[in-house]
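In the two complexes that follow, chain A is the common piece, with chain B as its partner first and chain C second.
The block that comes next holds the complex of A and B.
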């Protein structure tokens, strides 16, 4: 088709917390594969999934989820974390910053932006597929 | 082609966050103009039961039934898997009038139509 490929978009909804299940690790691995194949990838951390964005994780025997998120962000993934879920779990430390387009948190890595649920709706609008990890 | 979202809820309300979290997604999606359908199956069918008490006195959670009515008011459809309901002794008349009881075939049809953009909680 004239050699033009349209980039497809995958959105991952992550509901599972790191280390208590393998969902975050698997979500990151799927994201990496999709990015390597030329997909645009969005990830939305929701419910206990917001813990995945926490700074200074140091698992002794497990895959480091913080590093995984940094890696997929570096490859181009957009990662948002639900503001309602983050506030409930103590991550939100102030009002929404219009300039930075995020709620402030000293506990969350820079690669993850705390944002309202409408961010997920925007992801849906541009997505070809959505995968949920951790809902069951 | 306009986007359509399917939100499948398989956990009952109150014991887990999932039903509330799914309804929040549905409300956000509907309020932004996306065609949104919610499927309640497995334990999620308990979400459809009418007459659920305001839960402030129990868990400080919002009323799931109020959320359900808000979704219907915003134009969302809420489909209840009739098999999951029957297994749990939930009858159509036990449920909020805003929900629709559907067969497995009808659920399959909805999943085929909306399934590319589906979240499961």
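The block that comes next holds the complex of A and C.
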């Protein structure tokens, strides 16, 4: 064997909305630790979790989720947001853009890509571990 | 034998998940599995020593049988939980997220959360 260590992959499924639950904060903190340890990290925003990707968040006393997502994306995390959940909440503003591989939205940060639920299927396929945060 | 870890974030008594999850953990232990519980957010309220409800006893039972119970020190402090206000079976952790990542990625066979 070549002795090459293959990077393990962690996928975080985020179902909880920012500022009404602590789940987005937990998800970002776990993602940061995993990235610092050298793991590949994916995050999928589903249900009310899609609100985490909204632009111009300015909480007064809480941890800023928008900045947290930008930070983990900069460290290499791939962040997808469910297209149907996003459309239901008014974030999708047109047809899927094949070139950019995302649905257009002026309300969502560039670091979060609105994509079909099949994106989560691919995440599951490539992951060694999945951690879920939130849900009813 | 496998290792199952539970990330518990929901408040005890406010919803039924913590009780259900702990009873499931006990079943895993009956089958000889290794378990660890990580308490985060409102989940840390499960560690209160003064609680009259039965959920703290369930947590102690898990610890007595060899389960590991870890709780986020930061979330405990935020809620005024320290010293003799907390159950003895709880191990405080200052960077619980790092420990969850290490456990989930390198040791655990299964990660559950509620």
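The rule is short, and it goes like this: the second predicted complex is superposed on the first by the 132 of 136 C-alpha atoms of A that agree within 3 Å, B and C clash if a C-alpha of one lies under 4 Å from a C-alpha of the other, contacts with A are read in each partner's own complex, and residues count from 1 in each chain.
The rule we apply is simple: a contact is a pair of C-beta atoms (placed from the backbone, for glycine too) under 8 Å apart; a residue touches a chain by one contact, two chains touch by 3 or more.
A quick note: this is a predicted structure, and the numbers were derived from the prediction, not measured.
Superposition model on chain A: chain B and chain C are shown accommodated side by side without a clash.
By the touch criterion stated above, A:47 is placed in contact with chain B alone, chain C being left untouched. In the superposition on chain A, A:115 contacts neither chain B nor chain C. Once the two complexes are overlaid on the shared chain, A:103 sits clear of chain B and of chain C alike. Contacts of A:84 after superposition on the shared chain: chain B is touched, whereas chain C is not.
Judged by the touch definition given at the top, the superposed model places A:130 against both chain B and chain C. With chain A as vertex, the superposed Cα centres of chain B and chain C define an angle of 60 degrees, given in steps of 10. Shortest separation of chain B and chain C in the overlay equals 5 Å (C-alpha atoms, whole Å).
Residues common to the contacts of chain A with chain B and with chain C across the two structures: 128-130, 132. Across the complex, chain A is touched by residues 3, 5, 10, 17-18, 21, 24-25, 28-29, 32, 34, 116-121 of chain B. Contact residues on chain C toward chain A in their complex (touch as defined above): 7, 9, 40-42, 95, 97-98, 100-102, 104-105, 108, 111, 113. Residue ranges of chain A in contact with chain B, taken from their complex: 13, 15, 46-48, 84-85, 116-118, 120-121, 124-125, 127-130, 132, 135-136. Residues 8, 10, 22-23, 26, 29-30, 32-34, 37, 39, 128-133 of chain A touch chain C in their complex.
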